[in-house]
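Questions regarding the structure given below will be posed in turn.
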């Protein structure tokens, strides 16, 4: 396969959704993939999702990525139902609510990446307007980017892409991203920077908990307004702490960057003034794993 | 018309794109619109755009919003060509590069919103990887949200939606958003907060200028790396200054919030602990203007 | 009773302990109380506690306040056992671990204040040295002070003191302090300041959770060091956010201050340059409640 | 001697008092000491002190540490008088006011540690309430911890403890801690971090000076309120600057940590992810010095 | 007199010197004064000063302002000697070192403004280079501007100017500016902003003390480098705290501005968007005082 | 020539003016130069300039440095006219407005240093008062110092001085300082610190552009007040970002310092605790270049 077609279906919003497709091709010059996204906006109604799904299926993707919060609700459930009738490899990216579907996904052969620290927004009309919504997303994006969560995700997709390009049958991810993954998989060189990144991520988990209470449990206005306002303040501090972590790595000129090559291969660098080089190790590992998996699967 | 169908076509990325559809329905409970987005990812190749376009047209939208940087290049141009054959009202949201097409848009009856302070990213492989890309977008989103640029945009779309719902023929926007608009249209009560917001916006314009030089003029690695790194530092400071502006309004409890009602009507509030009320004035103005326009147009 | 003798027994450390006695007499000129503290340092061994207890009992206090983390362990349990043989009113101040003893306390007629956001320290030898311990306590103290947790506590004690002085039999507190109490009982005038304070408190709860995992669950050095470092970073950010909250009130000159009068009566003020006046309302309420309680008790 | 019994008598409050006992056993697992504290709260009345003293003497300590501000006033003076009748080694920890008693202490064979940068609080009823008191202490604790003042103090006590355990007769400290000690004895690797720490300490000295004027010289409300408010602002900035110093060391992963071993021996480490090792050098030096002293004393 | 000629002689540098002449005519359009400055750079050699003095005397000023640190040294002393032979009103602006000459100045009829918080720079070759010098001055300028010290100074000069213009004989200033003057004469509306400003000023006094020790007492490199580095850190924090004070006033839109009118009259305003109006009260007070003084003088 | 006489004529104010003479002799002990400045304050009237010029010419300088904004206006033009009649080497330091005179300067043999990032102040009476003027200058000074612009300037003057001392005929500078010079000539070791410095400088250019519009184009009060306020906010952020850059170098202890020796020779150092050493390389280069220039010129 020369060019891999990536279909993305988004319904509703989570922190990994808004910039997802750009994570795969940040320089807009990658020759080995074609990306198409269809989205239903903030709604997750079954009918809309169904319609959007039929639209993305017409694109005839080699991989279909389904991004939504709360995959247990009607819309996403409907989508899975339809998707399973197709032969396309499917993977789901979701938030903490998706964790309880883990086993179902596995049984159905659906890949998944569950981001435990991708919090619910403070969706109360007294508080959330489009501006507050955007600011909250800005903060979440910053934390997920800096902590390396986005990196873990795009590397998983890239692993699949390179598998498909080599006509292999790579194993779909079954990944639950928590603070441990930041500890083990992020690129921080300084251990305090890493601790700050983990802290930022843990703070997002706290945001999620508070917003869930504010959106679904508290009924009295005085209570839930305070709670959503409080949760968004934590998100703001998390973004700031994440930024502190990144600034440390700048200060040492040890900040790792991982641009894609034009051919989509993983490149890597640290010192700012140097050019990136091929991350051959990662690349070969991907192909290796894929091969082994392939053998065991067919 | 009971429900307005909004079709969004995104190709490439600008600061208004990632969260656009959520600006219209931040609480995910609006009953008067159906939103569908189709996107080509970071690429803007004519063929992709054409294909994505045909997909969004199948959605049969009442309004088609086309979001892309640099609308003069092949992909967006192709899109316009096709779109004009349809009878659907079209509007374009773009960055400063779109300004020179202003007259063409007007001649063709295409609405437009040009965001002068939505800057080019520092797209150099030595610098830009998915993580840096996301952080930059996070900063731009924060500035565009806080300065009220997003507000200006979603209000324009809402004006159209309410016109369509009243079976009127509202005038498409012809808007170039610069710092003056922040001065005149943002919701800041404190004049220093407003000055800070304007400053953040002007800083983004400076980011754009530097990144353009770094991406298109400088050929020597040592030069363009420094420039893109420098531009992203300015973006970071702009986000911080914008945040300062918002914090001032929090400190006075004068922060204006403008959530949508379930029926999509504009609501407004300031004091945090109060409930939003209908922004009847804005709403009537929209319908008024629309009626007048209607008369003069047909 | 003219002078109330307050006996304080501290074993181990929690965030309310180090400055507890100074909360009651911050200006060191209060004429209506005599305070004596006996402490066992960071240890909570039964034998030490027993010995310390006998020392504080010799002081013949009118009220005995027992402050310790984790009151279920041997030392504090022993203390309770001995104390119950005396007729002295006893109250316990403890952290979240104390919550499960709530009913036991109530059954035994022991008053209690459980501070849910008073977190466990990151007690791992690779991380915690005396300096880190002190810094952590500094951060916790700042949050507990600014959020008004200390205020809630010293007012409860003052209520008892004034009851005893009026020869009444005031009801011992049965209080679990969570973010809700900050919402309802803190003195913030600005709702965003209050939200920030609540956020700071919630962050401490997150610190507690992480440190518990790091101290009692994780066995691998690489894991628990990251966790305790991460938890202390959150504590640092919580202190900073709490400070933001207080700065807002300074900015409006609405910061409430509640010094004690020389006679121990509650005074209150806001504008910085004004003198405090008697908080007659609070004071009368204390005596009122006390009287009613008295009637119903005997 | 297997276990050394440390008796601590606190009357009034200074920045070294609230966490003093935890500095000796931060992990609460030290096997070689038993600590007992008796405190009179914020008051320093002779009678109270006398009574507290008798209580701590019953503990039969091997070393008695007396912590108070202003040791020249009646209460502490009384305490010294009584103590000198006992044979217990006595040392005093105090603030700048204690400096003038230096010679008296030496004559009487009392050890002392005078912390020149431990400032008087802004004790004016229009300003100081329990919350402000706690915040101020939080700031002072942060500065004294980060600058290494606490380290100097606990090492002196540890030196004595290890001397007693080896049945030697270690010389009591005669130490006046000023910015020079931070320069010479703190663990900063980065000279700018050290300069920042020294600056924070000097700022505390300035706080002391202003608060002394505000509390004892100025009689007009308008004057002394401004002064105490001004002094506490300096304390806040000092804490922030100290934090900057510590962050620098984190950024280099050169932060030195000095936990106690279970046997109370000094351990040391820098790199965060490494384990502490025995600080044999310091330890041997303590025993050495002690021996020499012993010889010359008896 | 229609135009007042202001001669300024600067030798050496203090914080009030670099921008002094611009304080009198910040908009460069004042019609009632002509300003001429002659300066000897950082040197204060008698010969240079003498020569510079003869140059400024040729300008035939109506008022001669002599700005220098340490007016007791040879150069400034020589200048005074020469100046006293002329009939021109003379005033001296200097730093804390000038205070001890106060009586001499008064005896000789020389006006003076002594700025107690204008600190000595850390003039040690291991530390001070032109860049550090400029940064330090930037910090001092910020503090002296924001705290209102510059305002006190330029108002004194303006008082003289308006006296001369009215052909009166205004009394030369005899002013020692300390933190009390900031309390009484600055324009802060918020008392915490004022306390922060006072704190910033007090911190500069601390800078002065430390730099004096570092430059004149300490002989060992290790000692004086630490001290000057420490002093400049305090100056940086003072500038930051002063900025905090100003930001508070911005936040309330209560920041007072005092531009000169074209005719040199004092104007005043607060709300940012309003125009300044004549500060008639101040202006009349100046003329009043001047008249009274005139009567009593001749 | 043993001592070089430097004459400085300042009319009006730019960011390089207020501290210019101290850049040459920051320690006030340089034996090889005599500096004299004459200044006309903020005014640039031809008559004043002429008079000031005659005063500085009496000093008989070996080099005359003329510092002013906007050298095309009447005053500076007059000055040049007169100066060219003398044989003294002349150089001009100016802001971006001076760039268009570049060729004229070269034709006339006048040296020049044009600082592109030295911005116009927000000179509108509703906004600019002496305090705001001073704060703005403080921010500009900080940026120009930290970014190394001042270093570039004083090294050029030092090059001339050492040429004159060696009785050579050094070439006058023809220098336009833009962000590129910061990239190539500043002393930053960390590339991110350098990028931040460049960003701060670019922000000043943006300040200049906005203030020019506010001062010369906008006529409506509501517009120009917002603009000048906005511009000064950017200046404040630029200063803060520059400070960030310097702090990075402190954190690595790589901050380069370049004090003058007593003989005026260039010294250099980085590690804070070390002594500076002669920068022989720079020094020899200066003499070398000068010699070559000399040969080719005469």
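Letters A, B, C, D, E and F mark the chains in the order given here, with residues in each chain numbered from 1 onward.
Everything below uses one rule, namely that contacts are C-beta pairs under 8 Å (C-beta built on N, C-alpha and C of every residue); 3 or more make two chains touch, one makes a residue touch a chain.
Not measured: the values here are computed from a predicted model.
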{"item": "Chain B and chain A - chains in contact with each", "value": "C, F"}
{"item": "Shortest chain-hopping distance from chain B out to chain D", "value": "2"}
{"item": "Identified repeat of the B-C interface (over half of residue pairs identical), from C-E, A-B or A-C", "value": "C-E"}
{"item": "Comparison of A-C and A-D (more C-beta pairs in contact)", "value": "A-C"}
{"item": "Classification of the chain B:chain E interface as same or different, half of numbers criterion", "value": "different"}
{"item": "For chain E paired with chain F, centre-to-centre distance based on mean C-alpha positions, whole Å", "value": "24"}
{"item": "Distance between chain centroids, defined by C-alpha means - chain B, chain F (Å)", "value": "42"}
{"item": "Euclidean distance of C-alpha centroids - chain A vs chain F, Å", "value": "50"}
{"item": "Interface hub residues of chain D, defined as touching at least two other chains", "value": "191-192, 195, 222, 225, 229, 251-252, 272-273"}
{"item": "Touching pairs - complete list by chain label", "value": "A-B, A-C, A-D, A-F, B-C, B-E, B-F, C-D, C-E, D-E, D-F, E-F"}
{"item": "Of chain D, residues touching chain C in the complex", "value": "10, 12-13, 18-19, 21-28, 34-44, 48, 51-52, 55, 58-59, 123, 125-135, 137-139, 141-142, 144-146, 148, 150-151, 154, 221-222, 225, 229, 236, 239, 243, 246, 257-261, 267, 269, 272-276"}
{"item": "Contact footprint of chain E on chain B as seen in their complex", "value": "190-192, 195, 248, 251-252"}
{"item": "Residues on chain A engaged by chain C in the complex (per definition of touch)", "value": "179-180, 183, 191-192, 194-196, 198-199, 202-203, 205-206, 210, 222-223, 225-227, 229-231, 233-234, 237, 240-241"}
{"item": "Residue ranges of chain B in contact with chain C within the complex", "value": "250-251, 253, 255, 271-273"}
